[in-house]
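A, B, C and D label the chains in the order they appear, each numbered from 1.
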Amino acid sequence: MKLQFDIADRLRTVEVTRDGHGFRVLVDGVPRLIDVVRVHGNIWSLLVRDHGESTARSVEAVVASQAGVDTVDVHIDGVSIPVLMRNGLGRRSRDSVSAKGTGPQRILAPMPGKVVRILVKPGDQVQTRQGLIVVEAMKMENELRAARDGRVREVFVVEGQSVESGTPLVVVE
Amino acid sequence: MKLQFDIADRLRTVEVTRDGHGFRVLVDGVPRLIDVVRVHGNIWSLLVRDHGESTARSVEAVVASQAGVDTVDVHIDGVSIPVLMRNGLGRRSRDSVSAKGTGPQRILAPMPGKVVRILVKPGDQVQTRQGLIVVEAMKMENELRAARDGRVREVFVVEGQSVESGTPLVVVE
Amino acid sequence: MKKILIANRGEIAVRVIRACRDMGIATVAVYSECDRAALHVRLADQACPIGPNPPRESYLRIDAIVAAATQSGADGVHPGYGFLAENEDFAAACRDAGLIFIGPTPEAIRLMGSKTAARQAAIRAGVPVVPGTAEPLADTVSDAAVLKIAEGIGYPLMLKAVAGGGGNGMRMVANAAELPNALRAARSEAASAFGDSAMYLERRIMASRHIEVQLLGDHHGTVLPFVERECSLQRRHQKIVEESPSLAVPSGTRRAMTAAAAAVAKTVNYTNAGTIEFLLDTDGQFYFLEMNTRLQVEHPITEMVTGVDLVAWQIRIARGEKLTLDPESLLAPRGHAVECRIYAEDPALGFMPSPGRITGLRVPHGPGVRDDSGAYEGGEAPIFYDPMISKLVTWGESRPHALARMRRALAEYEVRGVQTTIPFFQWLLHDEDFLAGRFDTGFIDRKLGARNGEPLQAATAYQQEMAAIAAALAQVLRPAPAPAASEASSRWKGHARSEALR
Amino acid sequence: MKKILIANRGEIAVRVIRACRDMGIATVAVYSECDRAALHVRLADQACPIGPNPPRESYLRIDAIVAAATQSGADGVHPGYGFLAENEDFAAACRDAGLIFIGPTPEAIRLMGSKTAARQAAIRAGVPVVPGTAEPLADTVSDAAVLKIAEGIGYPLMLKAVAGGGGNGMRMVANAAELPNALRAARSEAASAFGDSAMYLERRIMASRHIEVQLLGDHHGTVLPFVERECSLQRRHQKIVEESPSLAVPSGTRRAMTAAAAAVAKTVNYTNAGTIEFLLDTDGQFYFLEMNTRLQVEHPITEMVTGVDLVAWQIRIARGEKLTLDPESLLAPRGHAVECRIYAEDPALGFMPSPGRITGLRVPHGPGVRDDSGAYEGGEAPIFYDPMISKLVTWGESRPHALARMRRALAEYEVRGVQTTIPFFQWLLHDEDFLAGRFDTGFIDRKLGARNGEPLQAATAYQQEMAAIAAALAQVLRPAPAPAASEASSRWKGHARSEALR
């Protein structure tokens, strides 16, 4: 079986074939022998042997998927690694991290909370790291800032409004 | 809704009616108000108010059921309480604890293991607490004994045989 | 005392319940709507609802909590930290209702809770203080007036809520231009957190350390100080790593500082647990900063190096017992302890709160590890309260040993469903300056600033390849049509299949 | 040492991995088939399969384990306890393969591993011993010959495996009639557990306590004893509760006993960790019983009262470091520690092993609690090995404090899917004689015998009613057609429904 993933903006091709007690896996052509067992829930234990190695490395991976989302979060050694499945039909997660890049910046609420102050209005010129809006959650005020210079195109919320995680707040172009 | 259970060989009738934010529950006619919420999996949190009480007692209960078994094990304060549902269609669990009573004693393997020695043969007269069979599991030899005086009717296993939990070993009548 | 109501939630409510259990005392939990299934509610003997989720409608409601205590037949009330712990009206309401408030008197709370009055007490005790405003600045004082006072003190300065604590309602102000915005934000935070927006100003001592001294005072005139805690590691004025003892406190300074702390407390006839915070400058001079008239979040590190159960002693003191601890042993730490406050915050998004459901949890164990937490699998990190998931504490024979165990424990810790600050601590615990003890209160913000948003924790190439392999094998072995639907059943299938393949 | 292979499984393998992590040393786990997903395999850096489930085909296979160590590039081997820990051939095989065996020399293992040779060493060191056989009795010695020797020693007597430990291959024999059966059973157990069925006989000292002294010896001639452990609480000669210090050991006896232990060890140039077991009679006289040439199961209680990491020191000694611990502090316990060995056994069925899958697990936390365990949710308590689930250890300022914390921790512990000995400990921790420290090695068996099979833990009427209510509400709120099928989905449904009803 051949699968394709995007990890850290790089395409990875994984080929899986059964091999005796485990699997032979090629990642971008590099072969490894994997003994895999499901520990419990979405926790997997991999014993990984590189070509020529006699002793396997022990890797525990949590593969957390969400219905309708093509990105699975794989936790390894406490590091969370988003893996996007190519050809998936669901939506990508982590849309809120759209701060980088060159298109318009959509500022989304990163957590549920209350809008306590709006610092800009449509048409304002803003500079990199300028505060746009303040959202209060968990007793703390969190100021959301512009990632780049630009002009405020739209403000979707009003002060005092409660917002869910992912609610669009401001667009800067 | 009206339900009947056997707990510690006593019939319990439980009537459940919704009541505002929680339930009104009668156990053998004694009324209580219960606020219930499922914590996770089969862990439930009950807040229990007896008639006239202003403050609820907090009771955490684990209700562990098995497919096809009419007995659920309820854990409360670390005590495991088998609750048999009347009118259920499945089998009762804990058959192995059939030592008490007056019928024939069916000695079942209480755990998976290996039969290392059979100490009786069909027809033998045995006395209370006399050893019948020795099963080895977890590095320990465990001697299963007769609960009452009787005569060995049948021996189902041979020495060296591996047995699963619940395998009938000996019947004493 | 036979029954104690805990006027708090989360890990500290659990901590107090455990101390009560150790002492054979019954417990009553209180809870807001979203805390109905919380661990503190389930571990307590009894539980009372006290209102909706916003703190002001539940955990800050003095009337509801006192009523719950009275109705449940409690004879004592433990306030934990935060919420009403430093509210004199609450302490007085308990007293008026015939309940023992497990903490200082309302009078001591009022006196030491006012930063300006506390400064006066320190001055009376002969303890040096940081230059600052003598009187609180109410909400009504204009920006212009505050700016004028600030000029007299000099920049940079600290803006602090009179009723404050825990970094809320606190701002560093570098120059006059920043003052108005900072003042507004701090007042708003203080009003929301403490119901009191009064402020005061204080000169900022640069490159200083934040060192604090735990105290216990009984009702028989004894006040005992404990070996200091090092609390300089703060992010935006919020402590995130604490340790005891401090590398920056030689034994002479320890003697002087703990004696000064006890002297301040004695000046006001202080009883029960309290903590005196000091700034320590690079010359080894210390300044009284403020007193916290309650149990501190970071109290476990003191417990680890002295063996004293501070919560148990709070209760013993409240019921009139004499302090029978050996004063010398409290100043002679055994080994070293460190605490990391693990929050539901995403270090990759500027420590933005990351509330949500905890779908998986593996807590570290083994020698020298203590985890104080109210989190559980299936539970929520709610948006209404402090986003703390756990206080992870390790003890070691030496500081390097304690830090090594912290690294080990963090590697075993797994929280799924929400982002946490664990990656931040893993990064910090490899920082050479931190390991060498070279830091001050600005350390974390400077270090994070210097990273310029670069992720704290980038997956290595090997980890990325392993992630690809794990994702692929999980798909091969578990072609679940609806991933959220049938965890239990597919688990066994997956297990059986992988077994069959072996 | 850069990489250590742990020749063991379960909690002790996890314990050793944690010590290695604290020291920055890489780890290699070994595993039998059923342990493929075990915690020790997942926590280690590398892992090697060593064979099928029966110990003789995996954890007792010297060749397979030495090969695994060599192939993985390990330079040290830690044997844990049990399995090959006291096997001189294994220690020698490691040495021959150029691996550092983290334990005593093969010579010391042979000498002290033979109960009869160990007795001679004790006699040479001037330490009193219990009367018994001078030479081991091989499998070939007839029942009649053994009966004759037994008559010379007198009944009641103890039958013990020469290679034994941990209660395996040990039997109390009250009279001559019981001897043949007991001999057969003990030989069979010993053969299966240690591969050696040789026995010896010893007079049984009545109403005695089992007290042991932990030792560390370095390669520079230093042997240091630690404050004693009280190990009298045994069921069928298997320790189940240990504490340190012992109530029965006054400071004079502690001096004499620890000095005697060190003297025995020095006689044989003992290195690394070891333990000398003594019987203490009601007159305060102690007798050398045997030496365990390995880390003990109950080592954590010594760690809790002295602050010393014994496993870390085993490794440091093995790599040639000098013992730099303060001898006096090792004999001056700080507070009190107690350990309960939680087994997958059903106390209601005469402590019958209760293997199976652990479907739910809640581990206690909080001040003074340490849980050393290899168990996890979804894991198995396998039938092939020791059925231990956890070593639960608590520490307190005093014995009552430590015991109170143990009660609290046991109440928080929840193991679902298998029966455990937790109810037994809950019963024991309310026994007046135990609480007063009035016990000897026969205490548990007598107490249990006196109960005559009455259940240790009967649900109260209130608990039964609550069980009825919980069962009813679970049915009302979760009408799951196939209970095992859809835990995840029905969870949310159940939650949503109960929320809607509130």
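Heads up, the rule we're going with is that a contact is a pair of C-beta atoms (placed from the backbone, for glycine too) under 8 Å apart; a residue touches a chain by one contact, two chains touch by 3 or more.
Keep in mind that this is a model prediction, so the values were computed, not measured.
In this structure, the chain pairs A-D and B-D differ in their number of contacting C-beta pairs, and the larger number is found at B-D.
If each chain is reduced to the centroid of its CA atoms, subunit C and subunit D end up 38 Å from each other. Chain geometry summary: the mean Cα position of subunit A and that of subunit B are 47 Å apart.
With centres taken as mean Cα positions, subunit D sits 46 Å from subunit A.
In whole angstrom, the spacing between the mean C-alpha positions of subunit B and subunit D is 30. In subunit D, the residues that touch at least two other chains are 36, 43, 378, 411, 484-485, 487, 491, 502. Shown for subunit A are the residues in touch with two or more other chains, namely 35, 37-38, 40-41, 43.
By the document's touch criterion, interfaces exist between A-C, A-D, B-C, B-D, C-D.
Across the interface of their complex, subunit B is touched by residues 168, 185, 188-189, 192-193, 344, 346, 348-349, 352-356, 359-360, 382-387, 410-411, 413-414, 416-417, 419, 422-423, 426, 457, 459, 463-478, 482-485, 487, 491, 494-495, 498-499, 501-502 of subunit D. Subunit B meets subunit C in the complex at residues 35, 37-41, 43, 45, 47, 54-58, 60. Residues 1, 3, 5, 7-8, 10, 12, 14, 16, 18, 21-23, 25, 27, 30, 32, 34-38, 40-44, 46, 48, 59, 61-67, 72, 74-81, 83, 85, 96-97, 110-113, 116, 136-142, 165 of subunit B are the ones that touch subunit D when the two sit in their complex. Residue ranges on subunit C touching subunit D, taken from their complex, read 14-15, 18-19, 21-24, 36, 43, 300, 303, 307-309, 311, 334-335, 363, 365-373, 378, 396-397, 401, 404-405, 407-408, 411-412, 484-489, 491-492, 502.
Partner subunit A is touched in their complex by these residues of subunit D: 28-29, 36-37, 41-48, 68, 71-73, 376-379.
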